[in-house]
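After this come two complexes, each holding chain A, first together with chain B and then together with chain C.
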Partner chain A sequence: MEKGKDRAKMVDHIVEDEAIITKIEHKSHKIDSLIKQYRPVEALKTALDGSPPKTRDERCKSANWHVVHRALMAIKAVDLMFSNLDPEYYDILMKYLYRGLSTGDRQTCDQCLKIHEKLTQKAGLGCIIRALSDTVNTV
Partner chain B sequence: MKPTLAQLVERRTVVGAVILRSLVRIRQGSSVRLYLTCIRNTLEAAMCLQNFPCQEVERHNKPEVEMKTSPELLLNPVVICRNEAEKCLIETSINSLRISLKVKQADELENILTKKFLRFLSMRAEAFEVLRRKPVQGYDISFLITNYHCEEMQKHKLIDFIVQFMEDIDKEISELKLSVNTRGRLVATEFLKQFI
Partner chain C sequence: MIILIEMAAIAVHQFADCITCHAWSPDQSMLALCPNNNEVHIYKLVEEKWERIHVLQKHDQIIVGIDWSKSSNRIVTVSHDRNSYVWNEEGSVWVPTLVILRLNRAALCVQWSPKGNKFAVGSGAKTVCICYYEQENNWWVSKLIRKRHDSSVTSVAWHPNNVLIATTSTDGKCRVFSTFIKGVDAGKPKKSGSGSLDAKFGEQIVQLDLSFCWAFGVKWSPSGNSLAYVGHNSMIYFVDQVGPSPLAQSVVLRDLPLRDVMFVSEKLVIGVGFDCNPMVFAADGTGLWSFVRFLDEKKAASSSGRSQFTEAFGKFYGSSKQGTSNDRGRAGVHDNCINCIVPLKKSETAKMTSFSTSGLDGKVVIWDLKNQEDLLEYL
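What follows is the complex of A and B.
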């Protein structure tokens, strides 16, 4: 009986994960088109929307991270970015910045460090504390 | 006494090396500044420590970041990389904070110099108070800051110390490397003079 319930829950999780991955793929197409139209800030907003997806699956998180990474690297003018970005995106952006900083790739880290400085000036230390202390919704 | 040709060449190469190094440092200046600013901001946010006696054992008070027994007392660890060679790991808990640094080591000589120099410092960890005797696996040097340190010393001064330490380490290692190379060159010149 127990095994049946557990298997049903696992199947549900797998179905959810597949749904999330398809959603991320759709986002990725939209973001590519936005980047081609030289609107990187909107691309970033689309990438950050609906994340973190409520899942513990590593594949979903990496898929979402790839999408956000592409949007982040497309941004050239970091100062102008914050005039267009709404404050509700600051916390989730900070979490993705720390994920970017942990990769170790030189260009990613340079870009993430630039954005991190400006974001801290805009959002304050509270944003960093929320990114550090949120152990439930990690990216 | 007039300097010999050998000494003049020696001085010019040393001066040349110093100028080259300072030029490289000026170009890297802004990326170092961003890296240190990021670490400073993260430390200011993460250094929120309070006294918390051990939950498992009576009358014990342990730095929770070292024990890692209860997940509710730990925050997300954060790795801040500047490039493939340099990174900084910051782990926080309710009563303690651990900072581990990996210093840039360009070649074998810098590798050996860094290891020896940082081992020298780590062995005298009691004089530094916030230094950890052994670095965390994968890093060159570690600091452990507890709530007692925050009570005795000022928080922003601790952060200034750590950022200053990171700046000075690079300078020290390059000076050491320069002096080793200079000494090697002098010794080789003197030794080979007998064969002229």
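What follows is the complex of A and C.
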């Protein structure tokens, strides 16, 4: 009985995760066209919107990281970005910056550090604390 | 030596290298504190000078909770040695009575109930002990709330009705329990705004899942209609209509996390923590909570008599960070984490405007909000 329940739960999870992947694919197309139109901040907002921290599935997390990464790397003027980015995005952006820094890739780290400096000025140390202390809703 | 500052901080005194907790006598003429060891030191203000008049020695390990009953002049202490003592003043000596808590982990916090006939102890054993005095046996009895907590209980707070307690825990939750004890709580308490009160002992009234990491420092508002607690993720949570369908607000902090909170009035909350400077939160007309400002303005730092070396060191320390806003919290009266805030109230009916804080820097600071014009409307 318990096993049956567990299996049903697992199937539910798989269906949910598939739905998330489909959504991320949709987002990915939108982000590409926004970047082509030189609207990187809009692209970043789209990438951060509906990012899937609640799921434990690594595939969903890394799929979303790839779209966020593309949008992040398209940002040229960091100051300009912050004048168009609402504070509600700060916490989730910080989490993705730390994910970027953990890749160890030179270009990604350069970009993440540049944004990290500005974001810390804008959002304060509290924002870093929230990114580091949250072990449940990881990105 | 007392340094007077024309700011919210009206008195500062260095008692030790570090203070784990402190409490005031009912008439506020004496102060009990633990200087980060297994002793409680009691000080009295004699001719503008703090004199140590008693040292209470009975615990084996560091004392982390002291509360001085408002109604009965009794002191309760809890320690990492897993024990609790109730101290009675007999003549000029404080006589301890051991309270067997039946814990296998450290006790972490303690508070007397508003009537002073019970006290609650939070512990590292995922339990809360509700202790009460049994006249016939001349003995303090400890009744355990074993269920629900998945981790250490970091803070306990009594509702004004003497029955409900709120707890915070390192599993991130804030919970409200009934502590109704037959024979101790005479009759069924009157129903107030906080849900049903005819619950049995240990029954959970509500569990709040707002935080995803350690929760600390829960307190009730004076009416008992709201409560506030803090998370180690630089958030503070305000909960109205505590009961089956609570209304919760989360306020995001710009700065380092808080360790403890206190309601000054229904609309004003003070939070203290790792920023070394009390933070003021206020509710507007619609009940929306927000951060107002730090209580200790930067001006206070220059008048608090620091040496040139610490000034220079402060500059060096500040310059290693971006912007000036980040080191703002560290330039105040406290220069290390504040972990304890205690109300100072002249009488039951009087408006509370004053409170004291202590922390890892070994200072006790007394604050008064009376001269803070921008905050008067919330008092």
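Just a few scattered comments:
Convention: the second predicted complex is superposed on the first by the 138 of 139 C-alpha atoms of A that agree within 3 Å, B and C clash if a C-alpha of one lies under 4 Å from a C-alpha of the other, contacts with A are read in each partner's own complex, and residues count from 1 in each chain.
As a convention for this text, a residue touches a chain if its C-beta (ideal position, glycine included) is under 8 Å from a C-beta of that chain, and two chains touch if they have at least 3 such contacts.
What you see is a predicted model, and the numbers here were worked out from it, not measured in a lab.
When both complexes are overlaid on chain A, chain B and chain C end up sitting side by side without clashing. By the touch criterion stated above, A:Asp91 is placed in contact with chain C alone, chain B being left untouched. Touch criterion met: A:Asp110 reaches chain B, while chain C stays clear of it.
Applying the stated contact rule after C-alpha superposition, one finds that A:Arg56 touches neither chain B nor chain C.
When the two complexes are overlaid on their common chain A, residue A:Ala123 makes contact with chain C while staying clear of chain B.
Between chain B and chain C, more residues of chain A are touched by B.
In the superposition on chain A, A:Asp134 makes contact with both chain B and chain C. The angle formed at chain A by the C-alpha centres of chain B and chain C is 70 degrees to the nearest 10. In the superposed model, A:Leu101 lies in contact with chain B only, and not with chain C.
Minimum C-alpha separation, chain B to chain C, in the superposed model: 5 Å. Shared contact residues on chain A (touching chain B in one structure, chain C in the other): 117, 120, 125-126, 129, 133-135.
Of all the residues in chain A, the ones that touch chain C in their complex are 91, 117, 120-121, 123-127, 129-130, 133-137. Chain C makes touch with chain A in their complex at residues 212-213, 232-235, 252-257, 322-323, 325-326.
Against chain B, in their complex, chain A makes its touches with residues 98, 101-106, 109-110, 113-114, 116-117, 120, 125-126, 128-129, 131-135, 138. The residues of chain B lying in touch with chain A in their complex are 31, 34-35, 37-38, 41-42, 44-46, 48, 71, 74-76, 78-84, 87, 92.
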